[in-house]
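Below you will find the structure I want to go over with you.
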Amino acid sequence: MMLTREGIAYRIARDLPEGGYVNLGVGIPLLVANFLDPAKEIFIHSENGILGVGPTPARGEEDLDIVSAGAGFCTLALGASLFDHTLSFTMIRGGHLTHAILGAIEVAASGDFANWRVPGQAVPAVGGAMDLAVGAPNVYVAMSHLTNKGKPKIVKSCSAPLTARACVRRIYTDLAIIDVEAGGLVLRELMPGHDPAGIQAKTEAELKVAADCREIDVPETFNGARLRQ
Amino acid sequence: MMLTREGIAYRIARDLPEGGYVNLGVGIPLLVANFLDPAKEIFIHSENGILGVGPTPARGEEDLDIVSAGAGFCTLALGASLFDHTLSFTMIRGGHLTHAILGAIEVAASGDFANWRVPGQAVPAVGGAMDLAVGAPNVYVAMSHLTNKGKPKIVKSCSAPLTARACVRRIYTDLAIIDVEAGGLVLRELMPGHDPAGIQAKTEAELKVAADCREIDVPETFNGARLRQ
Amino acid sequence: MIDKTLADCKQAVARVFDGATVMCGGFGVAGQPGQLMEALRQQGARNLTVISNGAGGGDFALGGLFSDGRVRKLIASFPAPSAKAFRERYLKGEIELELVPQGTLADRIRAGGAGLGGFYTPTGVGTELAAGKETRIIDGREYLFELPLRADFVFLKALRGDRFGNLNYRGTMRNFNMVMATAGKVVIAEVDEIVPAGSLAPESIHTPGIFVDHVVQVARHPKLVEKRSEEGST
Amino acid sequence: MIDKTLADCKQAVARVFDGATVMCGGFGVAGQPGQLMEALRQQGARNLTVISNGAGGGDFALGGLFSDGRVRKLIASFPAPSAKAFRERYLKGEIELELVPQGTLADRIRAGGAGLGGFYTPTGVGTELAAGKETRIIDGREYLFELPLRADFVFLKALRGDRFGNLNYRGTMRNFNMVMATAGKVVIAEVDEIVPAGSLAPESIHTPGIFVDHVVQVARHPKLVEKRSEEGST
C-alpha cells in the first residue's frame, strides 16, 4: 500500500503544530494546506509577502492584488499580515519560520538535497528554494520514494544540483517517514504491507530502524480525497 | 559685521531648493527650519522615521508618539510619511537625501570634518552623524568661524576625532560662505565689513577667492529674529 | 510646488537609453508595472539589462521586451515556464541569465538602495550558484559574499500615489516594488489613482516620495488584467 | 488557539537571566517599552548587555538598570547627556560602552534578524570608530565590515497588539522597534491595547506576529509620561 500525493500531504499536516509558521513549496507541499486541522491555528507563509495565506478563492471571487507564491490567487486568513520581499526573506533566512515543506529530486543521508534544477533542465529557475532550505529550522521534504523510472531518490550523495547542504530534517514519501539525524537516516514509519528491509531496498542510503518504528496511520479518504492506494 | 546663529540658519535656508530632502543636525542646523521659504516645498527628514517634519507644536498640543531626532515633539507636514530606522538610514546612507546640514568642531580643506566628539569629551555619543556625513550628496556645515577662544575652525587637518573624510561641500559661518572643491577651499561670500585677507587671517587652511565673491546678503531681522550684529 | 506626476507612460519611459539597466517590480500578477513596461517596449531602447523576479510572459509588457529582442541580460530568480518569450531567446543563446536566489536578489537590491557595499548570506552555499563567489566562515557558519544591485531606471506599480511621489500598495503588491524603489537613479511608478496631496495617511505610505521621481496614473489595461489570470504567478 | 498575551510585565520579564543580552526599542520618548524595562529593573537580573539607541534617563525603566548597577555593557549610538544613570556608572569605569553609528546599529540588528553574516558600510571609515575593523575597497569606495547583533530578549513598545503577536505602531514609534523585533530569541511587546484577533488590518500590521513571543497590555505609566516630557529625545 502507498500514500497518494494527497496522503503524503495529509500525513505532513498531522505533524504541524499549533502556532507553526509554515512555508509550502510547489507540488505536494502546496496540498498540505488542504489537510490542516482547523482546530489548530497555523500560519502559512508566502514568500511574496503574506503571513496567513487563506483558502483559494472561488472562481470569480479572485482579488487581482492578492496572490501567493505558488498557487495563484489566494485569500487572507484571520490574523494575516502583508509585507514586502525584504521582510519576507528576513522571516525565511533569519530562522523565523518553524517549517519549510519542500519537494525534492534527491535527498542525501547528510541532509543535502536537490530540488530546484532537474539535471539537464534547459532554463534554470531557483525562486526562494535555497533561502527556505538554509533558513527554516525544520525542512521537511515531501516526495515519491522512487523516481518515475523506479530509482531511489534517497541517496548516498546527490547527483542533481544541490539546493542546500545538510538542511533536511525529515523526509515524507509515499512509503515511509524518515528522519535525518546526526548519525544518519532513521526509519520512523512505513506503510502497511512494507517492512524495513523492503524500504531499504528502495533506498540507496543506509537506513537505521527506529526502536518504535510503526505503520503510517492515514485514513483511506479524507474530505473526498483518496489518501492511499 | 557678523551673522548671528539665526543669520547663518537664514542664509542656509535661502540656498535650499524646492523639492529638497534635508536633514538638520542639532545646533544651528535645527534653526534652519524656522527660516524656510513657505513658497518652496522642502521635506525635512528626521532619522527616527519622519520625512516631512512640521513645526514644533504649541505647549499642550504635543503628541507623545511624534518626536523628531533633535528637537523633541514635532508635527507632520503636508505629504509626510512615517517609517522605521532601517528605511530611514536607507534614505541617509543610500544617498537619497539632497542635503545634510550639520554642525562642526572643525572642517579641513579636504572636506574632512569633525563634529561628534569634542576632544576630551568623557562620554562619547555619535548618533546618526557619521551616516549623514557619508550619505548625503550635499553636506553643508553650519558653525562659527572661530572657536570661543578665537582659534580657526577651518583647518589644514582636523585634530578632533573625525566624523567622515572628504564629505563637506560647503561651509556657512558667521563671517563667510566657503565651498570645498577638488582644488581646495573657495571663498564665495563674506560679511560686509570684511575682506578676503581678513577672512584668510581667521582661517588656517588656504582660501582661494571666487571671481564673483560677494557680500552675504541677509536682512537685519526676520520675523523678529536678529540675523546680524 | 513639487509635482512628480506625468501625463502618460510614453513620457515616463522617454529617457530610457540603449544599454540601460532597468528594474521591474511585481511578483506573479500583483504589483506589475505592466503599462510602463509595455510603453518601454514601444519606446524601443535596446541592449537592456533587466532586473526582475520573473521574466514576464509572452509578447506584451516585460515579456514583450524579450520577444522584441531588446534585452542583453536578465538578472532574476524565477524565469518561469510561462515566460515564453524569454525562454525562447535564452535557448537560442541570445540572452545572458544571472540567476539569483530570491532572498539574495531582494537583499542585493536593498544593499544598492541603502548604500551598503555588499553582504554575506548563507543562501546558495555549496550550490552551483556559488560558483566564483567568495565564501567566508563567520561565527562557524559559511556564507557567500554578494554585491549590491542598482538600476538606471526602476519601474514600479502601486495602488495610489500623490504629487510628492508617495506610494501606497494594496494586498501583495509591495513584493519587490518597495525595495526596488530605493535602488534606482530614476524611479517611475504606475498607479491606479493619483490622489490629492495630504490624502495618504503618513502611516499608510509604504514608499516615501524621496525615492520616487515620477508617478503616472493609468487605468489597468484590459489585456494586462486578462494576462494576469492566464499566467498565474511566477 | 494561539494566545501570546501575558497578564503583566512581571510575568513577561520573569525568564531574563544573569548575563543575558537585552535589546530595548524606542527613540526619544516614542516607542519606549518603559513598563517592561521597569519590570526588568525590579526583576533583578544582573550582568546584562543592553542594546539600545540611547541609555535612558535617571533611575526608572532603562535608566534604572544602570542606576541599579545591572548592566555590564551597553551597545548604543547615543547615550545622551540626559542619560545620567548610565553616564555616572560609565565614568566610574563600571560599564563597557560599544559606540555604534545609528545606521550601522540598525543594520547590524537587521543582519542579525535576517540571517546575514555581516555587511560592508561606508559609515565610520577613517574615524576612531573604525579601530580594529576590517576595511575593504568595493567598486572604488572604502567600507567597514560590520557583524550582526542578536539578543536573548527583545523589549518593544507598540500601540496595538493581538493574540497572534501582530503589532501596529503609531507616529514615530516604529524606530528601532520594528527591526529589533526580528533579532531576538524571546521578543516581548508592551502595547497600549490588545485588540481582538482580526481587528488589525493586514496592511496595518508593521511587525507580524511571527517575530513576537509575548504581548502585554499596560496603561502608560504616569511617571513615564512625565519623564517623557522632561527628557526630550535622545
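Lettered A, B, C and D in written order, each chain numbered from 1.
One rule holds for everything that comes next: contacts are C-beta pairs under 8 Å (C-beta built on N, C-alpha and C of every residue); 3 or more make two chains touch, one makes a residue touch a chain.
Keep in mind that what you see is a predicted model, and the values were worked out from it rather than measured.
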Chain D and chain A - chains in contact with each: C
Pair joined by more contacting C-beta pairs (A-C or B-C): A-C
Averaging over Cα atoms per chain, report the distance between chain B and chain D in Å. 30
Averaging C-alpha coordinates per chain, one finds the centres of chain B and chain C separated by a number of Å equal to 36
Approximately how many whole Å separate the CA-defined centres of chain C and chain D? 33
Quick one: which residues in chain B touch 2 or more of the other chains? 82-83, 86, 89, 93, 134-135
Residues of chain C touching 2+ other chains? 107, 110, 114-116, 121-122, 170, 203
Full set of chain pairs in contact is A-C, A-D, B-C, B-D, C-D
Residue ranges of chain C in contact with chain A within the complex: 27-31, 53, 77-81, 86-87, 90-91, 97, 99-104, 106-107, 110, 121-129, 159, 170-179, 206, 220, 225, 228-229, 232-233
The chain B residues in contact with chain C across the complex are 18-19, 21, 41, 43, 45, 51-52, 76, 78-83, 86-87, 89-91, 93-97, 134-135
Please output the residues of chain B touching chain D within their complex, sorted ascending. 46-50, 62-72, 82-86, 88-89, 92-93, 112, 117, 122-131, 134-135, 161-165
Considering the complex alone, what residue numbers of chain C touch chain D? 107, 111, 114-122, 136, 138-139, 141, 143, 147, 170, 203-204
Quick one: which bits of chain C touch chain B in the complex? Just the residue numbers, please. 1-2, 110, 112-116, 162, 164, 166, 182-183, 197-198, 202-203, 205, 208-211
